[in-house]
C-alpha cells in the first residue's frame, strides 16, 4: 500500500517546493539582470561546454542575456500563471459543479450543459483566437486559460457533491435546522476538498504547459518577460547549432510539470488509502 | 464423529496486532459448527486463514491445521489452490465481492469445475443448472445466462452457494452468509443450507454474530473473544449452561420476544473490545467482566465441564450461571 | 383527545429514475397512501424489509423529502409550514450508519453543537456548556469532544449522533435503524440509553427497524410496511401475540430467536422478490402470499380497522 511512504509524492513535493522557492526569491538568486542585454556576449554556452564565459553558469541567449537569470525569473511566470489560472478556473468550476450537484434538477441540467459546451470548445484554438484578438499580456493569458480550464473542477465537484449530499451527516444538518449556506460551507466543501486538490495539481500542470505553448507561438507572455515557453520560442532559430538554448528551458518545464504530476498522483494515493480523510 | 477440520493453537497476526491468539476448533463430518463473536474478535480471519486466503501482511501459525487428515500447514500455494473451491469451499456475506460482474452466472459456475475436475463445458453446464435448481432458483436455465447485477440479493447468495457446491465440497465455510439479507430471505437461505447438509453430508463452518442464527443452525458452537475461543460447547449446552461470563453477557444482550419486558433494560456488556498484542497475558475479558478477580490477570487454564464443553475462565461456575 | 405529535395522512412518494437519455423514466413507488399517528410519549415501531419504503417515510417525516401526496402534521402544524429552526426544535433524527452520519472533518464537540449554532443567538459559552452536559448525559467523556469521529468506535459514534439529536431537547426523535450497524453488546447499550433518555426527557420515538426483536422490545405500537403501504398496525403485544396479516405472520415466523432446538422456520413465501418499480395488481403481497385467493390477484384490499388495530387483507376477519 502506498501512502506517506510513496517516493513519488516526496520527489514531486520537493520539485514543486524548490520551484516555488526559486520563484519567490528570484531577485536574490539570479546572478544577473534577466533583462540586461550585452550583444558582445551572445549565445555563450553553459560552463560545461567549450567557449563558456565565467559568471554565466548556463550561458547567454541570442541577445546576450544571462540564461540562468532568465530561467530563474521564468519560474516566476510559470508559477504565477499556474497558480492564478487554477484559482480562476477553480472558482468557476467548483461554484458551478457544487451548485449543480447540490441542487440537482433543472439547475444541474444547466451546469451539465455548460460542461458539455465547454468540452466541445477546442482549447488551443480558442486561446489563440482570444489572445490574438485582445493582444497578449499576462492578465489576458491567465484570464483566457482560467475561463477555459474549469471543466474538470466542475465535473469532479459536481459528482463529489452529489455523493456527499446523500450522506447522513448532510441529512442530519438539514434536520438540525442549518441553512443551505452553512451546509455547503461546513458539510459539503470540506468533504469534497481532497479530490479537488488533486484536480488542482493536474490543471496547474496543464496551464503551465499551455502558457508555454502559447508563448512559443508568440501569443503568450509578451517579450521581454522571461517565460520558459518564450525562451524556447526565442531559441528555436538557434537550436541546430546551440541546442542547449531550447534544452535548458525545456528541461526546466518538463521537470516542474513532472513534479506537479507526481505530487498530484501521490496526493491521490494518499487520499485513496484514507490516511488523510 | 470423525473430525474433518482440526485447528489447534491457531495464531494470526498483522504486524503488532494479534488477531487470533491460540484458537482451537474442530468441525466434524456432516456437522454445522458455528463460530460466533463480535466484530474484530478474529472469526473472519480464522476462516480466511483456513482457506489460505489471508492478506499478504497477515502471518499464520498453528500447532495443528488438518483437513481430512491432510496437513494444511505443509501444503504449498499450488496444492492449496487444488483444494480450494474443490473440497473446501467458501461463501461470503456480500456475494458481489466474489461474483465477477463482467461474466454471466453460468460461465463463473462452470469455471471452477472445469479447472478442478477437467469437466467438459457441457457437463459443467448441466451440473450448474442442476445445482441452481437444487438451491431452488426458478428457471435455472435462464439464470445461467444472466449477469450478477440482474439478480436480487437473495438470489445472488443462492448462486454463490450453488457455485460453492459445484465440486461437491466436503467442507463449506460460510462467513456471515445471511447478514446482508432480509429476515424472510435469511430463513430461506439457512433452511436451504441445512437441507443441503442433510442431503450431501456437508460439514459447515458458519461464521456469524447473530445468536439467533447460531441457536437454530449449529450442532456445535465456539464463542470467540479478542482472538481466543473462550467457550466451545454443543449448542443446547451453550445456551442453557453458558460458562464464560462473555457468553453469558452476549446471551443477555439479545432482546427475545416475550422474555424481556419493555420497561426493563437489556443486559449489556460495558466497555469495548481491547486491542490485543502477542505479549498479552491473562484473560482478555477482564476489563469488561463484572466477576473479575485479581488472579484473572495471570495465566488462565481451560476448564472442561463435559467431554464436549470447555471454556477459558476460572470463576466458579455457580457465579457465572447465576442470574 | 390530545393532538398526536406526528400525524400523517395519505402520504405518498414516488421516485423517478432515469435509465437513459431518451428512455422513459421509471417510477419507483416508495411510499403509497400511508397514514400514521404517533401519540405524545409513545414509541411507534415501523418494520419491513429493505425496499418497503420505511426509510423514505422517515425522511418525509423529517422534512428531508417532500412527499408527492398527502400531508404531514407535526404537533398539529403542517410540516412544510414550519421554519427550519422550529422544525429542528420539534423533531430530530438518529440514523443507522454511525460512520456516515457524522461529518468526518469536524470535531465531536462541533458536531453535537450544530443544532444549537443553527438556532442562532446562543452564546458560545452556553453552547459549550450544553454540549458538555449532553455528552456526559449520553455516557461520553466530554474530553472526547475534542476528537474527530474517526477516532471513535461505532458505539461511541452512535452516542454522539444521539447527543446531537437531543441537544435541542426536541419532542420527537426519528430513529432509522439506530442499532443495525452495531455489535449485539453495543446494540444493547444503545437501546438501553434510548429507553432511559425517553423516560427522562419525555421523548416520543418513531423507531424504524428491520429487526423485529428490537422493535418488540422498544415500541408500544407497531406498523408493518410492505411495498410502500402499511399492511398491519396494532399495539405491540397484540401484533406479536396474534399477527393477522399473512405478511406479518411470515415476518414473525422468520425471526430466529436464540432458542436452540426449534430449527429453521419455513416462511412459505416463495422466492418472488418485491419490486417497488413493478407493483403487482390487486393485493401487492399476493405473489408471495401463501394464503392468496383469486380475489387477491385482482382486487386491492382496503385498510380496515377494528379495536385490535388495522389490517389490509381480504382474509382478515374484523371484529
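Order as written gives the chain letters A, B and C; numbering starts at 1 within each chain.
Basically, a contact is a pair of C-beta atoms (placed from the backbone, for glycine too) under 8 Å apart; a residue touches a chain by one contact, two chains touch by 3 or more.
Only a predicted model underlies this, so the values are computations on that prediction, with no experimental measurement involved.
Asker: With chain centres defined as mean CA positions, report which chain is farthest from subunit B.
Answerer: Result for max centroid distance from subunit B is chain A.
Asker: Out of every possible chain pairing, which has the most C-beta contacts?
Answerer: B-C
Asker: With chain centres taken as the means of their Cα atoms, state the distance from subunit B to subunit C in Å.
Answerer: 31
Asker: Counting in whole Å, what is the centre-to-centre distance of subunit A and subunit C, each centre being its mean C-alpha position?
Answerer: Centres of subunit A and subunit C (C-alpha means) sit 50 Å apart.
Asker: If you average the CA atoms of subunit A and of subunit B, how far apart do the two points sit, in angstrom?
Answerer: Roughly 54 Å, centre to centre.
Asker: For subunit C, give me the residues that contact two or more of the other chains.
Answerer: Within subunit C, no residue contacts more than one other chain.
Asker: For subunit A, what residues touch not just one other chain but two or more?
Answerer: Touching at least two other chains: none.
Asker: Which of the residues in subunit B come into contact with subunit C in the complex?
Answerer: Going through subunit B, the ones touching subunit C are 38-39, 136-138, 152-155, 182-188, 190-191, 194, 209-218, 235-236, 238-239, 249-258, 260, 262-263, 265-270, 272.
Asker: Using the touch rule from the top, collect the residues of subunit C that touch subunit A in their complex.
Answerer: 59, 62-64, 84-85, 87-89, 91-93, 95-97, 100-106, 111, 114-115, 117-119, 150, 161, 164, 168
Asker: Applying the document's contact rule, which stretches of subunit C touch subunit B when the two form their complex?
Answerer: 49-50, 153, 155, 183-185, 187-189, 191-192, 195-196, 210, 212-214, 216-218, 220, 236, 240, 250-251, 253-267, 269, 271, 273
Asker: Quick one: which bits of subunit A touch subunit C in the complex? Just the residue numbers, please.
Answerer: 167-169, 171-179, 182, 186-187, 190-191, 277
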